[in-house]
Amino acid sequence: MAYNLLKGKRGIIFGALDNKSIAWKVAEKAHEEGAIFTLSNTMTALRFGQLDQLAKHTNSEIISADATNVDDLTKVFERSTEVLGGKVDFVLHSIGMSLNVRKKRVYNDLDYNFLNKTLDISSVSFHKMLQVAYKLDAINDWGSVLALSYIAAQRTLYGYNDMADAKALLESIARSFGYIYGREKKIRVNTISQSPTYTTAGSGVKGMDALMDFTNRMSPLGNADAEECANYCIMMFSDLTRKVTMQNLFHDGGFSNMGMSLRAMKMYNKSLNGDLGVE
Amino acid sequence: MAYNLLKGKRGIIFGALDNKSIAWKVAEKAHEEGAIFTLSNTMTALRFGQLDQLAKHTNSEIISADATNVDDLTKVFERSTEVLGGKVDFVLHSIGMSLNVRKKRVYNDLDYNFLNKTLDISSVSFHKMLQVAYKLDAINDWGSVLALSYIAAQRTLYGYNDMADAKALLESIARSFGYIYGREKKIRVNTISQSPTYTTAGSGVKGMDALMDFTNRMSPLGNADAEECANYCIMMFSDLTRKVTMQNLFHDGGFSNMGMSLRAMKMYNKSLNGDLGVE
Amino acid sequence: MAYNLLKGKRGIIFGALDNKSIAWKVAEKAHEEGAIFTLSNTMTALRFGQLDQLAKHTNSEIISADATNVDDLTKVFERSTEVLGGKVDFVLHSIGMSLNVRKKRVYNDLDYNFLNKTLDISSVSFHKMLQVAYKLDAINDWGSVLALSYIAAQRTLYGYNDMADAKALLESIARSFGYIYGREKKIRVNTISQSPTYTTAGSGVKGMDALMDFTNRMSPLGNADAEECANYCIMMFSDLTRKVTMQNLFHDGGFSNMGMSLRAMKMYNKSLNGDLGVE
Amino acid sequence: MAYNLLKGKRGIIFGALDNKSIAWKVAEKAHEEGAIFTLSNTMTALRFGQLDQLAKHTNSEIISADATNVDDLTKVFERSTEVLGGKVDFVLHSIGMSLNVRKKRVYNDLDYNFLNKTLDISSVSFHKMLQVAYKLDAINDWGSVLALSYIAAQRTLYGYNDMADAKALLESIARSFGYIYGREKKIRVNTISQSPTYTTAGSGVKGMDALMDFTNRMSPLGNADAEECANYCIMMFSDLTRKVTMQNLFHDGGFSNMGMSLRAMKMYNKSLNGDLGVE
């Protein structure tokens, strides 16, 4: 069901890879809600993903870019305003990658070149995006910029490694730039802290299935999935949330404010031989 | 502009008094967005407010109730489901009052009967509302319940007095009951922490104008007003935010994450004789 | 090992019951560190506990009081300054009780008279204590006031019931009064959010053992025990922490900032048949 | 007055420059409290600071090191354990620098090489320190590691620029490594979020005096100074805080939990012509 929430709005969506991606779902929903937008990802992602299919379905142009490269980002914003016929109203940053995770370097044995790359790709790219847009004056007043984050920014999760630090940095950048962009252009900048989600990107994290079982039982509403996250993004892009900025918004079925649930405790107790009686 | 975001939804709105009330604006917007609902407030409020006018405009029945009275609340939920033709989908709690504030009892000279009333009216009433609804099974699965809060729940503001403690308690109740209601019925419970807002209720707080000038200059987007708050409430009642629960959502133009802004500092500096040069 | 950290300091310790109590350990440590103090608890607690033994060991006078009664509290502060030979330097509030928990009224079936008592005993008593002390001018400048809290104030834990709301209210009172007392008398007011601890009072909470196993495995340093908590209280009473106020300080082995640990996940996984391989 | 709190303990103190430095005060206090330690800073700092004087006074060896260089850090830990006669018990990280601040590049016109340096010097250096120590097994069980932070990690302050992001990253590293180090070695890792402090390093920040006037009036206990911060560090290095880890501890006279104080509002009001009457 669509509401025309983004009718007449233009945007840029970074980071869609395949139909499991949150960014992919956001593109689909934004299309349904009346927006026009461009899609951007790296050359490698374009080669291995299925972005063509999404572009076709949503009538969008794909603009390849390395989000750590200021020239590439400049090109994306310039080309987007050109193609879309004006400044953009929303931007989604759904980008993150850790070579330390991929190469199985644990957190007490990080490779510092990898860490540098993790931060550049997953966090500093967001600043670059905002600074490029700011300098080009490429976002309309009362526009909305979102980046996807994760609760590891606040609490340590085994195996999430240097991505935790990257997300903390990302959320800080959202606050810092949100202040400037709000003050100068009435543009809001927020992060959405999403439940662990089955995506091609997320699948590298250790023990993902077990963790998702745990978070699902801990969350009173269960884990939020990619489509539900897309709905929340649409809401944050709409005109109904204009005064929300510099926030990290948990979209996680309640997980972030749970200490221990009955369902998770029951499962945990099985391992303790069931003789502790939490029932 | 309306989107039909609440088409087919039923609700109850507690706490509208006059056209400055946030609850009043929520009622207007909910009506525009296709919802039907009842309105509830105390007998006194009904006498001194202009609720008839709102009821007429939105085609709503008014049900008088003391929100600290379980029987009254039971009546509100029973009558509402009857009038509206089914269980409700959303509830707004916009209720708060401190006799200590009214009677100018400062925080280190509280009257404990007044404090008891502050907590009962401003916080425990929310639990009663939720417990009554729960027992009557009066809210549909995936329904949404909201209460309005204020940042005094986290940070002390001169003059806000025991309302700060009431808001902290209110937000805790939202979390605690949000867990139960989420787990059992998929119903979400959240609070919105709103900018200081000119309402008839808010006008009792000491130094309101000065404070609002400060928060306005501190907030990159400026203070959020009652109408913008109503928009955010609509979003939280819509189906686009189904997995958000147990959260306290700041709707404040960015104030909550500001330490010091250029604009507020400039004003502050004038008093320091302007010779400290923050420019 | 003692350091004379509280040499020459006078205090009041509320809430010691038996040698499992955190307050009991605080009294022992405070004595070792050179403080003199009085002990206070209810008549019932005095009858069923072993406070005489502690009083003897630490050379302290016991003053019975209902901490919800302003007259009783006045008596405690008056008698204490008399017995100790001057204003006090520190106060410990270690008081909490829920009839809803005891009578097994679950959170969606609370008895509101019980809730009222929970809040009065566990939270408002702290305000009363502070207000009485303030009016009597019974605490020295740069004094330190502590209350014991629990992470349920921030995150919902199954079975903790209305004590969660009481702790949220308690922490808010610490902030609100901390502002006044800091501004006027340089007195600091903080709460310590302690690991779940085996105490006679804590034993009423559902599934305590299982929860403690979980939090112990989640916390990189394991659960903090009563004696370790007492050490932290001593530090907060000492002159080395004079500028810390209005804070809630987690003393929990790291639990509060953990999302998921390897050790807890391993135990959890056993129940998932061990085939998810988080190793 | 000294308590022998660090008797028999060995440590490393990074970042003392001159007698205004917090690290300098920590060294003095640690010496008074019975600790032995080494001092480390960059070659440039050694040349322009007065570290020799401190080294002499505290009987400490100076080991020059670039804290972004893993080899240098290795040398510091190896030499320290050699000089001090065993593994260390505490480490202080008091290091931060932003070329963007120094070169007056505002936050929406950052130089990304400078940003990279800001993060490497102010944040990643802490990870390097911890990883080097971990690999060398250079810290005793139940040791304590501290880094100095600032509230800009949570809330945006005009002019603090990319140091805000650096502090957010620093605090995240403390949590992430705190988990590992706690689990494996019972070593705690925390950050102290200190009031704005007059130091030679801090003096580069725009409008420092005005900001300090504001935070001083906002904080019920006033700003905390370098010496008071040193006391708090000693407490965190002592054996009385063994179960505190992964925390960011505000040492700021209450500023972090203030929304608006009477004293700050009065000053602010002067600029509003005093006619708003907050008294």
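In this document, chain identifiers A, B, C and D correspond to the written order of the chains, with residue numbering beginning at 1 in each.
The rule is simple: a residue touches a chain if its C-beta (ideal position, glycine included) is under 8 Å from a C-beta of that chain, and two chains touch if they have at least 3 such contacts.
Fair warning: this is a prediction, and the values are worked out from it, not measured in the lab.
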Do the two copies chain A and chain B share over half of their interface residue numbers, or under half; same or different? same
What angle of turn lays chain B on top of chain C when you fit their CA atoms, given in steps of 5 degrees? 180
Interchain centroid distance [CA atoms averaged], chain B/chain C, Å: 32
State, to the nearest whole Å, the distance from the C-alpha centre of chain A to the C-alpha centre of chain B. 29
Would you kindly tell me how far, in whole Å, the mean C-alpha position of chain C lies from that of chain A? 40
For chain A, which residues are shared contacts with two or more other chains? 155-156, 158, 175, 178-181, 246, 257-258, 261-262
Parts of chain A lying in touch with chain C, wherever the complex brings them together: 151-152, 154-160, 206-207, 209-211, 213-214, 257-262, 264-265, 267-272, 276-278
Please give the residue numbers of chain D that touch chain C in the complex, ascending. 1, 3-5, 175, 178-183, 186, 188, 195, 219-222, 224, 228, 231-232, 234-235, 238-247, 249-254, 256-258, 261-263
In their complex, what parts of chain B are in touch with chain C? 70, 107-110, 112, 115-116, 119-120, 124, 127-128, 130-131, 134-135, 153, 155-156, 158, 161-162, 164-165, 167-169, 171-173, 175-181, 184, 246
